[in-house]
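In the two complexes below, chain A is the common chain; its partner is chain B in one and chain C in the other.
Take a look at the complex of A and B:
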């Protein structure tokens, strides 16, 4: 049975090529495409004062490396105009009495306008801006103290010493790429098997298959084993490129990786098979497969949007989104170097899933035979 | 031509009408997805799990802890005096942030010296880490301010003026910084793209596989008419989809809609034509539905990821940025977000609208040409 399926796959080289090349192509595109790192926020400047001090603060924004000046404006309305056209995502407004107030009272206001359409970028840019201003303020305070001879505050300041673990450079790619691998495997895997049974129905070979003495279990295993091999090869491709091409640190053990990856591929193929048995027409099968894999996998697996920030009912739904377990596992193996014992929870979830799916799949086919 | 076209259209709508499940299949998943993704897609950072190692046990350290407890940005899960607890919390992911208050923290502050505060961040999710660090800075700054004003009141009875620049943030177009306002217009575009491309690709390959394509071809219907007959219903379905999910966004999620519905309609029409073009093109490349399905996955996922839906195009490498130029979803997201949130008009959006029109024209032309060839 497995041999027959293997032959069938072999005879359709276009599908085989797609099955093997697709993950690599996707890896190349998604691996580069998924980045949240905002390096240079395009900044417009509306400097009403244009004094030495105002230019100095603008220079500090530029030399921080987080901002690049896209335009200098000469009127307030220009900000709206520039933002509408997407020429800048942030604008700095320095009031006309900026340096005078700074000299006389020691404090001054400055406005930072953001195009908050993209909230995440805004939050990050705001953080950068506050950092630049805090640095400038330290100098201003030191200068003020020197010239006025007062202690700025009567108690000491708190010095934050942040240290980051597991992803020291806070590179979003290191965080997202293990997730990308999980997502690609989930998509490719479901696609591999979801049409295999409905193809037999639509081509009319199902009757032939039923008339042979194979049992339902044998049909299932026969269908799944060849695809399992393809799935493992795909996984190998993706993982190797993640480590050697994208340079994601790999701190865990290969054994843990192999065990969990195999488990995940079984779940993915089982789901594809189940859909395929349940839905007779290929159109239905593929639409359902698309529905239960593509968007839930990308949006609910936690590979971009953190699950713990979702509302509780949605978090409950993510429990049945099987890639979420594998995303957690891969991320932990890659970045934290976790072993099997640290990961027992997601592995347990994935195992339960595998058992239920295989049981359902085996049963579903038997019913069809009756 | 119009007579044949209307017959073809009638046939398509009849088929759709006979399929009782079709309406259900088209509408219900769309609404469910809209609801789920509307709630799920967020980068907002709230209730960051925090454990605090307090080795100082002073009034200052307790005051600092209460600053963290008071804000909804952080959720203090553990206050401990054992260093190992901190490592364990981070390793097991029970805490994302660990704060270490060294012994002597309060005394150093009272002496007017700066006291170090050690923070360990689990950087696995770099985005959460970055944003949480920003919040942390704000809370510590507020703590410092509170401490110094209390000391000032205590000693002199007057507040010390603040030295330095205060940065006033003005987030435009989305004053509440609610990132649902960013994602939900994106979800509208993405869901429509997914549905329209797959519907179109499958419908034609299906005719081919079932063998009815030959029947149609021996009838006097010309390829262009056939394609029009196939695409017009999906175009209408797509428009219905967009209207439905937009209404959901506006009335359920309360996304502001400040722009012109006409620009929206124009953008949606051009986008749908481009999406239909992609679907048709995919169908000309596949003989079986399995191939259509594989191709669908192959192309639609990158279209979605490389559209700026969640990952800013500006953060991609230059090569991929060029690639996004042929992605109609990229332009539609610009238009739909601009119409919903910014309310800008044709004078600003014309490049994006023109790009979609060009893409639609190019893809429809190529697929008609390829379709003709595949029949010969």
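Take a look at the complex of A and C:
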């Protein structure tokens, strides 16, 4: 059964190519497209002083990479205009006495205005701005220290320490990519098997198959084993590109990764198979597979929206959303280097899932036409 | 299964799909080694009956046993004893001849040491020597059909169900296919084969005529021809055909009048109009008669007569 299935997959190079290339394409699309990082926030500068010091701080904004200057303004009202026209989402106003006050009192004010129509972007940009300012502060403080011989904290310098563990570069990509891998495997995995049984129904070969003494378990294993191999290759592609293309640090062990990934692939293939057994048209099966994998993985797996910030009832729902376990596992393996014992809980969750799905799938296959 | 018991028995076998009754209280008894033809128009319930006998559909009422096993409760045991060819071609087109055979050999649980020999047999039976590594979808209809039969008999089932195996196959290939069926029957295999080709019915030991889910007649081809018609069959060349048919169906002593190609087939019973009176009778109705002669009834005549159930306008394809 498995051998025949493998031959059939092999004879259909187009499907095989799709099965192998789709994850890579999705990886590229989601990896780049769904990045929560905001680079090159268009920034307007209204530098009233235009001193060496004010220019230095503007330079720091630019060199951080998070901002790029879209316009320099000469009036306060210009900010409103620029924002209305969408020329900038943030504006920096440096007062005319900026460097003088900094030199005399050791602290100075600077105004940052954000276009908060997109709250998410604003928050992130605000975070970046604070980061840049904190960095500038540190330099100023060091400078002040050197020239005045006083520790900067005594002159009211604020030392801003951003709490970024496990993702030092503040790059949300490192955080997102492992999630993307989980999403892609869920989508592709369920798609792969969702068609296998319904295809046989549509071609009429299933009627022949069920007239033989073949058992439901043989059919299921025969269908799942070859796709499990493909799923592992897909997973390999995704994980390798995550590390070597997107540069996500990999701190865990390959064994942990292999065990957990295999488990996850079994779950998604099982779901696809279950759908395929239930729905006899290929189109229907494929769409249902998309629905049950896409929605929960993108929305409830914690891959973009953190689970602990969801309302309690929704958090409870995520417990039955199988990708959340794998998203958790992948992030832990990649960023924290967790081992199997650290991850027993999500692994246990996934294992339960795998057992239930396979049990349901084996039972769902009926050797009857009615 | 004792040697004397029939290979296939159906008692009151019924299948309902919602309000539609596809098979209506069908009784069948088929002996071992018999070739029984299932004849009937499309939608008569042939496929549904075969599927029930294969354990693929659960009977709504009645029961049936195949090779001594109940098709409802022991479907799995039934499957081990039958070969089935569904109406739709159902081998894997993207696999080669050899791969298909090997696959079916595997799922039919053919012992490993026997598989090569069985495959050779199936290949030579299908006449596919030298084409073992050809993709099945590239084969012509007749080869495909014979290969499907070869797959269905890999495990030497004592009973074969063939659902319209020759539909869409050219006449020469159909003949070859029937030769194979006879060879298998000679080896003791019981075969239930459905067809809507009337000429194929003549190849069967017995025929079961079914229409609208009901078994309307069963017997050997000659029995059916001799006893079922209920009168003498005449072929009349006349014009216009429609008016002639209507006039004759209303005439006394006419059992049945039906259009048959460009002629009229009329079954005359006793005590009414006589064959020699026909030209005169039709002439009175303004119908020009070209010729009248007696013909020996074909199964199609029998079938038309049985299906129409008397005086009902009906043209069979």
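Methods note: the second predicted complex is superposed on the first by the 258 of 370 C-alpha atoms of A that agree within 3 Å, B and C clash if a C-alpha of one lies under 4 Å from a C-alpha of the other, contacts with A are read in each partner's own complex, and residues count from 1 in each chain.
The working rule: contacts are C-beta pairs under 8 Å (C-beta built on N, C-alpha and C of every residue); 3 or more make two chains touch, one makes a residue touch a chain.
Just so you know, these numbers come straight off a predicted model, no measurement behind them.
Colleague: Look at A:62 in the shared chain and tell me whether it touches chain B only, chain C only, both, or neither; answer first, second, both or neither.
Modeller: The answer is neither, since A:62 touches no partner chain.
Colleague: Where does A:243 make contact in the superposed view: on chain B (first), on chain C (second), on both, or on neither?
Modeller: In the superposition, A:243 contacts neither chain B nor chain C.
Colleague: Check the contacts made with chain A and report whether chain B or chain C touches more of its residues.
Modeller: B
Colleague: Report for A:212: first if it touches chain B alone, second if chain C alone, otherwise both or neither.
Modeller: second
Colleague: Examine A:340 and indicate which partner it touches, taking first as chain B and second as chain C; both and neither are also allowed.
Modeller: A:340 contacts neither chain B nor chain C.
Colleague: Which partner chains sit in contact with A:221 here, chain B, chain C, both or neither? Use first/second/both/neither.
Modeller: neither
Colleague: Taking the superposition on A as described, I'd like to know which of chain B and chain C A:24 touches: first, second, both or neither.
Modeller: A:24 contacts neither chain B nor chain C.
Colleague: In the superposed arrangement, which partner chain does A:259 touch: chain B (first), chain C (second), both, or neither?
Modeller: Once the two structures are laid over each other on A, A:259 reaches no partner at all.
Colleague: For chain A, what residues appear in both contact lists, the one with chain B and the one with chain C?
Modeller: Dual-contact residues (chain A): none.
Colleague: Under the stated contact criterion, what part of chain A meets chain C in this complex?
Modeller: Residue list for chain A touching chain C: 1, 3-4, 7-8, 11-12, 203-205, 207-214, 218, 367-370.
Colleague: Given the complex with chain A, which residues does chain C contribute to the contact?
Modeller: 51, 54-58, 75-76, 79-80, 82, 84-86, 88-95, 99, 103-104, 106-109, 135, 151
Colleague: So in the complex, which bits of chain B are touching chain A?
Modeller: Residues 25, 29, 33, 36-37, 39-47, 49, 64, 90-92, 108-131, 133-134, 136-138, 140-141, 143-144, 147-148, 151-152, 155, 160-175, 177-179, 181-182, 190-191, 194, 198, 202, 206, 209, 289-298, 300-302, 304-306, 310-312, 314-317, 319-320, 323, 334, 337-338, 341-342, 344, 348 of chain B touch chain A in their complex.
Colleague: Touching residues of chain A toward chain B in the complex: what are they?
Modeller: 14-15, 18-19, 22, 25-26, 29-30, 32-40, 42, 57, 80, 83-86, 102, 105-124, 126-127, 129-131, 133-134, 136-137, 140-141, 144, 151-172, 174-175, 187-188, 191, 194-195, 199, 202, 282-283, 286-287, 289-291, 294-296, 298-300, 304-306, 308-311, 313-314, 317-318, 331-332, 335-336, 342
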